[in-house]
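My structure is below; once you've seen it, I'll send some questions.
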Amino acid sequence: MKGDVGTMTVVKSTLSEKALGATAPALQDTLVDLLGLSLVGKQAHWNIVGPRFRSIHLQLDEVVATARAHSDTVAERAAALGVSPDGRPETIAATFALPGTKDGWLRDTEVVELMVSTLEAAIGRLRERIAATEEADPVTQDLLISITADLEKERWMFAAENQSH
Amino acid sequence: MKGDVGTMTVVKSTLSEKALGATAPALQDTLVDLLGLSLVGKQAHWNIVGPRFRSIHLQLDEVVATARAHSDTVAERAAALGVSPDGRPETIAATFALPGTKDGWLRDTEVVELMVSTLEAAIGRLRERIAATEEADPVTQDLLISITADLEKERWMFAAENQSH
Amino acid sequence: MKGDVGTMTVVKSTLSEKALGATAPALQDTLVDLLGLSLVGKQAHWNIVGPRFRSIHLQLDEVVATARAHSDTVAERAAALGVSPDGRPETIAATFALPGTKDGWLRDTEVVELMVSTLEAAIGRLRERIAATEEADPVTQDLLISITADLEKERWMFAAENQSH
Amino acid sequence: MKGDVGTMTVVKSTLSEKALGATAPALQDTLVDLLGLSLVGKQAHWNIVGPRFRSIHLQLDEVVATARAHSDTVAERAAALGVSPDGRPETIAATFALPGTKDGWLRDTEVVELMVSTLEAAIGRLRERIAATEEADPVTQDLLISITADLEKERWMFAAENQSH
Amino acid sequence: MKGDVGTMTVVKSTLSEKALGATAPALQDTLVDLLGLSLVGKQAHWNIVGPRFRSIHLQLDEVVATARAHSDTVAERAAALGVSPDGRPETIAATFALPGTKDGWLRDTEVVELMVSTLEAAIGRLRERIAATEEADPVTQDLLISITADLEKERWMFAAENQSH
Amino acid sequence: MKGDVGTMTVVKSTLSEKALGATAPALQDTLVDLLGLSLVGKQAHWNIVGPRFRSIHLQLDEVVATARAHSDTVAERAAALGVSPDGRPETIAATFALPGTKDGWLRDTEVVELMVSTLEAAIGRLRERIAATEEADPVTQDLLISITADLEKERWMFAAENQSH
Amino acid sequence: MKGDVGTMTVVKSTLSEKALGATAPALQDTLVDLLGLSLVGKQAHWNIVGPRFRSIHLQLDEVVATARAHSDTVAERAAALGVSPDGRPETIAATFALPGTKDGWLRDTEVVELMVSTLEAAIGRLRERIAATEEADPVTQDLLISITADLEKERWMFAAENQSH
Amino acid sequence: MKGDVGTMTVVKSTLSEKALGATAPALQDTLVDLLGLSLVGKQAHWNIVGPRFRSIHLQLDEVVATARAHSDTVAERAAALGVSPDGRPETIAATFALPGTKDGWLRDTEVVELMVSTLEAAIGRLRERIAATEEADPVTQDLLISITADLEKERWMFAAENQSH
Amino acid sequence: MKGDVGTMTVVKSTLSEKALGATAPALQDTLVDLLGLSLVGKQAHWNIVGPRFRSIHLQLDEVVATARAHSDTVAERAAALGVSPDGRPETIAATFALPGTKDGWLRDTEVVELMVSTLEAAIGRLRERIAATEEADPVTQDLLISITADLEKERWMFAAENQSH
Amino acid sequence: MKGDVGTMTVVKSTLSEKALGATAPALQDTLVDLLGLSLVGKQAHWNIVGPRFRSIHLQLDEVVATARAHSDTVAERAAALGVSPDGRPETIAATFALPGTKDGWLRDTEVVELMVSTLEAAIGRLRERIAATEEADPVTQDLLISITADLEKERWMFAAENQSH
Amino acid sequence: MKGDVGTMTVVKSTLSEKALGATAPALQDTLVDLLGLSLVGKQAHWNIVGPRFRSIHLQLDEVVATARAHSDTVAERAAALGVSPDGRPETIAATFALPGTKDGWLRDTEVVELMVSTLEAAIGRLRERIAATEEADPVTQDLLISITADLEKERWMFAAENQSH
Amino acid sequence: MKGDVGTMTVVKSTLSEKALGATAPALQDTLVDLLGLSLVGKQAHWNIVGPRFRSIHLQLDEVVATARAHSDTVAERAAALGVSPDGRPETIAATFALPGTKDGWLRDTEVVELMVSTLEAAIGRLRERIAATEEADPVTQDLLISITADLEKERWMFAAENQSH
């Protein structure tokens, strides 16, 4: 194995080329969504200020834990299908497509709104991928369904507390 | 508080302005080093191939766990000193200064070399910051010392297995 | 927000109105089935008599634990889709549609028969909802599938011990 | 044992008939209070909205856990005294005498007020039963005292946060 | 301290002599009841035969665990009041007043009947001691109440399975 | 709520004014006894010297853990009854009525004697409060009984080792 | 029930006969695949030799644990559908259709190749059964999907380390 | 090492050839007994029906856990002595010498009888091997003794419940 | 099974009659030694006074835990061999042959001496039974060896602290 | 040792007299700060009222746990250096120099402000002691640095939530 | 006890002098073997380099843990027999008879060979002691057998990975 | 890499040669102190006799655990800096410079004195190394500080119990 291993087919895929064509981008895009979400969630975890600081500070760590755990499963799913996953800093920065955050301190109300919209965007994109992978790979589809279930639960919690008196 | 909270002094620093001037960049730069290291470590964790796959795959997750835990402490230390930490994807991509990795699959020997050089670069930068914060803030210095101890241990382990027969 | 929050759209649904029309009643009806099952299971847990008392007394607590855990997930799934779940005592009493139990002590053989028929009825209704939500919301369908798997396992166990010599 | 086991004396009581006459309704009524409280607590847990969503959502699960645990002990105490406990859905709906809740979403302030008044009503009824069982059965009385201690602590917590600025 | 420590007043009692006169025998007699119960329970645990062997074998170990734990608390309560507890083999053999068991193998139905009657006798004696210690020492009374609660629960379970078809 | 919240009736008591009049001081005085005991216990834990250092050093930490846990329950019980508990340093110093300790190192024999007399005094006071709260609030009385049981056990242990050869 | 229970319909299926006709063999064949895989995995676990002994020895135990856990779920799923599962030694030997292993010691490189091919064959057969059960029983299909996800992850790990330098 | 590793002496034995001649078949035969027992135990675990289903279903899993744990120790003991253990499906099917089971559902009474006779046969064979290895290898003998102790305990439990009324 | 089960051969022994003749009394006598030891150990645990109270009080509970655990194994070993074990209070009192203790408080020095002599007597008797069972049943012998190892360790600890200055 | 142990040099210091002169008061003053902080934190924990009750009630217990743990380490550090630590109620009351609290109920906003100022005062004093012990005892300095790190993190959290909208 | 305790008979042996003459050196020599093995194992754990660094680094810690645990049991066994064990540095250095290691870094292949030969030597010596103690003390023999079982397993693992391709 | 790896520079140091010159011997000498301390501590743990046997026997195991844990960290710190650590038996015996112990049984009073003097000597040497490494390597200095803190705490405990009456 003297050539460049980076672009070789290292792990033969158990999917047909066509199925892989639908599944691979669904996994790579989900990986970037989740890694970006974990970074944005931590950014808000550290920079939040306001009367609800402690409650939302803790809630954001649950989002980060969910995003990190699913990103690992998604990347290893890609590898298991013979597709090299890409979660490098430059790739996330270049392709992250969800609402992010400005720098500096963030008011608690801003953070709640941010999480509602970021999670909502992530969910919308996931639902498209659930449809796109149904025929191509039900195993990947099942993984995307379980991620969506978790993110929809988290979106609800932020939306429920996004109610003024 | 109707203005932009992002740039306000939210948490009054317990350090003098001069001391803060030395401490703040040390923390921000360490944060980026650690977040970048955690992403690069995961990238290698997913893309490694070769006879030593399993052993190094597990070892990389220990690096990632160390980097994630310390990045959280470093960011919260910055906040505790009244400095807003910045760990957003675009910030990491723009300011990450350690050796990173190419995309695609990575041979196990390449990964070991990569981790030796990435950790070595991180350690060199940390030792400069240990010196820079000694007068300014011994509390921050103590944190940087404990991070250096962990990264030097990890560097040794990769260096020790970076020996051909 | 001065109006009556009870009937407002608090959490915007990620589903289309049509999809929600199929999903919402599936979740509400499952919620009542599971809450009712947890109450009936506890009633039998407390009132069972006969030589097999201890074994079935313990088995019923596993049914109750399963029913309670799933009822929580189902109700929060409804909320996540923007639908207010209803698990109040009067709602359960009015809409519980599975075989229940008479008051007073219950012989162990009666309890086994009761659980076989109650679980069987619950499963039949769940299988209809699995079909009904397939197009509308695969995330909800996946949840209903996992509940059905658990209840079918429990039904088997009661059926297997419902054999006289 | 060919007759109807439901109304038979299955477990001979260790209490005199008179003592049992005072103790049995105390236990049955406490059982319904606690089961109803657990259902109402879950209903609020699922339907609460407002800025304090997360904190009270978690607090309600502690109420539910307390109510469920005590309801099990109370029902088994009744059975231990030879009295068949009745916790069926229709019995709860028919005899639940504490303040309940309307359907639909609930504002966090409404939930706090609801819990203060529901717990307060439950405590008032428990204190009457503590007096009523003192002579009849000190073992049952001791159980009712421990339930009261828990509910009074929970009432205090809701009352303490039921203070506007 | 050259004299015989055995009969000295080593720990001064916090009770009056009269109160101690009511409390001391209540504790010593309860100690013997519980130690004897733990031995009889183990005897049945080892010698039971019959189709319900496994279920009752396990149930008996719960009785033994309860009896052992309470016997320790009771003996240490006596010591705490300055009364030397006596749980020696010869004392148990000479003063154990609950129904015991014959030697040799025991049918499962026999064991269930044995436990119902042994526990029932223990409960009857405990209830007398609850009355006897009410004025003398409410701390001891509270302990006796909690033991009674546990034994009454265990009696119910054996009684409930002591029902033929 | 613009007035001074400190002296307001924040949590409405579930007791009558007369019952509260008996219960409130019992709780406040027990709180000070327990907080003082925890501080004195730690003081001895740190300053003990002598051949039995290690054994008693560990034993004292059990006293401190008991005292701290009960002090929290007692203070929250007061709050639950609508009475503001007072455990401030100046209040403890001003109202602590149990035997305390001199400063400096303490011989192990001195420590054992100290703990016997401090615990004995605490128990005597608790027994008076058990009597005083019997009518007023059986829930508070039950709590005081359980504290007394623990302190009497600890007193016995120190008294038992307070025997010279 | 005097007849031969072995061939009776003991647990009535919740599936139609046609659906059962597609589901039953999918479950029975998966059962044999997984039991065989667990035996082959252990055989390699014990007989592997070579420089990578320890790493692959541990990795194989993870395969065995996965195979054993899923085999239990699959067999109980068959039973839950009223189909008697068959996992007897003679059945496995007669119907195991995946690549097995020769007797005697096995080189580590051989083991890695064996596991890649055995897992690959298992996955191919599982994917056919996922398609075959989609209409017949989505609950069984969901189980087969989760097994496939696990085996594909394990195949990737062996394939990734099956790369020479 | 280009030859066939399978039949090489890979691990030099610490026993003499004669001692190994007595020990090796004792271990290989015990391995097959235990693997077969684990498969038969699981077969009964899945296929049992009758009133005692749950109790024996759980009991069988304890047999399986014991058999699996001991089979691993036995196989690794063989390897430690330089003997390649053989636990492949075809080997078990060909050499399993204990009473097995027919296919299809099994009545609980049948299962109890089956386990008594299978365990009894296993014990008889183990006792012969204990004698055979006494001189040859006391380390192996000690292992066989501990397996016998466990199987004799399990045989007793099935025998004790194998008693009709 | 209408006869008296108590004296029947319920569990057929795996030993010859002669071997059983040597093994059965060894187990029965060990059972009584251990049960008696557990009661004597608890008696000393409760009645000990003197400067070393706490250390020996804790040490005695380790003796009791060891004695209880081994007594259970010994009794179940007897049952496994078809011999009904007898651990009833009257049997212990009648046949306990180790040094016991007087009633009343016990000085710490007395307790240490007591445990040295009681354990020494138990060990002497066990060593005779190890010899007596060597031929008869190596499985029982192995159990007696492990009990002896534990009791000899405990004897050493009491002997080591039985040294005056 | 007949003299007064209290003022003796019991543990010879490993520091020079001069170094001890700088270190001893740093430790004693820190001990009082931390014990006082733990009492004030508990006072607020019990007396807080307002909408943020639950969140801050829990947060205060983290402050108390931190203060208690560090106070133990600080006092034992003093003892290790041969200096008797003084944490008696009267000493705390007399020398506690941080902002305390008034009696009675406390609004949540008041509590947040209180904790910000109390922690800020404690940090200022700790930073002086870090400087004072640098030369005298780097071991003590390291302990003070770790306490400061924890208190600065806690101060930040209260300061971050001390922001009105 | 004014004489030199070091050479006194402190704990009277439960063995005859002759038996002790065979047992005592077996235990002392095993103690030195195990302590030496634990030091050599750690030396290799720290100094190993080469591609297999991580896997063997972890494996060596398992050897060290085994050696330490057994050395403690062996030394306490000697003490229990009245023989003072000697594990001082100078004793180990003077009497350690197994293959040790040179100083400096060690290649992974060297380490594997070292462990095979060191463990092999230890096993050979243990097997002689098993024979030597059979008559003298079966309790000690049983301990030596269990140590041999563990070391033979560890030797196999190193031998199995000591195979070049 | 055909040369002798033992003396090669395997891991490039992150320190300058001069800094390494100060740091390397500090680590090597600390390693020997700690390994020797762990052996001496175990020697005393096994050979101690006297009334305080049990308490000090347990205390010594804490010293050993501390010494072992720190020795591992110190040796790996040396390796991380590119320095091969030497903890072989012969090295410890040749270079151990702390007070050791004679062979044979040791009185408890002797053991306490021994530990005071051994720990005191270790501390004195550590404090010199803390000074010596301050400039050279603050990471190593920080490690030495934390070891000193632990040993000074342990020295205090032995010194505190080294007080006669």
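Note that the chains are named A, B, C, D, E, F, G, H, I, J, K and L in the order they appear, and that numbering of residues resets to 1 at the start of each chain.
One rule holds for everything that comes next: a residue touches a chain if its C-beta (ideal position, glycine included) is under 8 Å from a C-beta of that chain, and two chains touch if they have at least 3 such contacts.
Since we're looking at a predicted model, the values are computed, not measured.
*Asks:* Shortest hop count from subunit C to subunit I along touching chains?
*Replies:* Graph distance in the chain contact network comes out at 2.
*Asks:* Between E-I, C-H or E-H, which repeats the contact pattern of A-B in over half of its pairs?
*Replies:* E-I
*Asks:* For the two copies subunit H and subunit C, is the contact made of the same residues on each side, with over half of the numbers shared, or of different residues?
*Replies:* Subunit C and subunit H contact each other through largely non-matching residue numbers.
*Asks:* Provide the C-alpha centroid distance between subunit G and subunit J, rounded to the nearest whole angstrom.
*Replies:* 60
*Asks:* How many angstrom lie between the centres of subunit C and subunit E, each centre taken as the mean Cα position?
*Replies:* 43
*Asks:* So how far apart, in whole Å, are subunit G and subunit H when each is placed at the average of its C-alpha atoms?
*Replies:* Centres of subunit G and subunit H (C-alpha means) sit 22 Å apart.
*Asks:* Using mean C-alpha positions as chain centres, tell me how far subunit C is from subunit G in Å, no decimals.
*Replies:* Between these chains, centre-to-centre, one finds 32 Å.
*Asks:* By the touch rule stated above, which residues of subunit H touch at least two different other chains?
*Replies:* Correct list: 1, 5, 10-11, 49, 52, 55, 76, 79, 107, 142, 160, 163-165.
*Asks:* Chain pairs in touch?
*Replies:* So the chains that touch one another pair up as A-B, A-C, A-D, A-G, A-J, B-G, B-J, B-K, B-L, C-D, C-E, C-G, C-H, D-E, D-F, D-J, E-F, E-H, E-I, F-I, F-J, F-L, G-H, G-K, H-I, H-K, I-K, I-L, J-L, K-L.
*Asks:* Give the list of subunit A residues in touch with subunit J in this complex.
*Replies:* 48-55, 57, 107, 109
*Asks:* For the complex, give me every residue of subunit B touching subunit K.
*Replies:* 52, 55-56, 59, 157, 160-161, 163-165
*Asks:* Any idea which subunit F residues touch subunit D in the complex?
*Replies:* Residues 1, 5, 10-12, 14, 76-77, 79-81, 138-139, 142-143 of subunit F touch subunit D in their complex.
*Asks:* So in the complex, the part of subunit A that touches subunit C is made up of which residues?
*Replies:* For subunit A paired with subunit C, touching residues are 120, 123-124, 127, 130, 134, 141-142, 145-146, 148-149, 152-153, 155-156, 159-160, 163-165.
*Asks:* List the residues on subunit F that touch subunit J in their complex, please.
*Replies:* 1, 4-8, 10-11, 35-36, 39-40, 42-43, 46-47, 49, 68, 71-72, 75-76, 78-79, 84-94, 96, 100-107, 110
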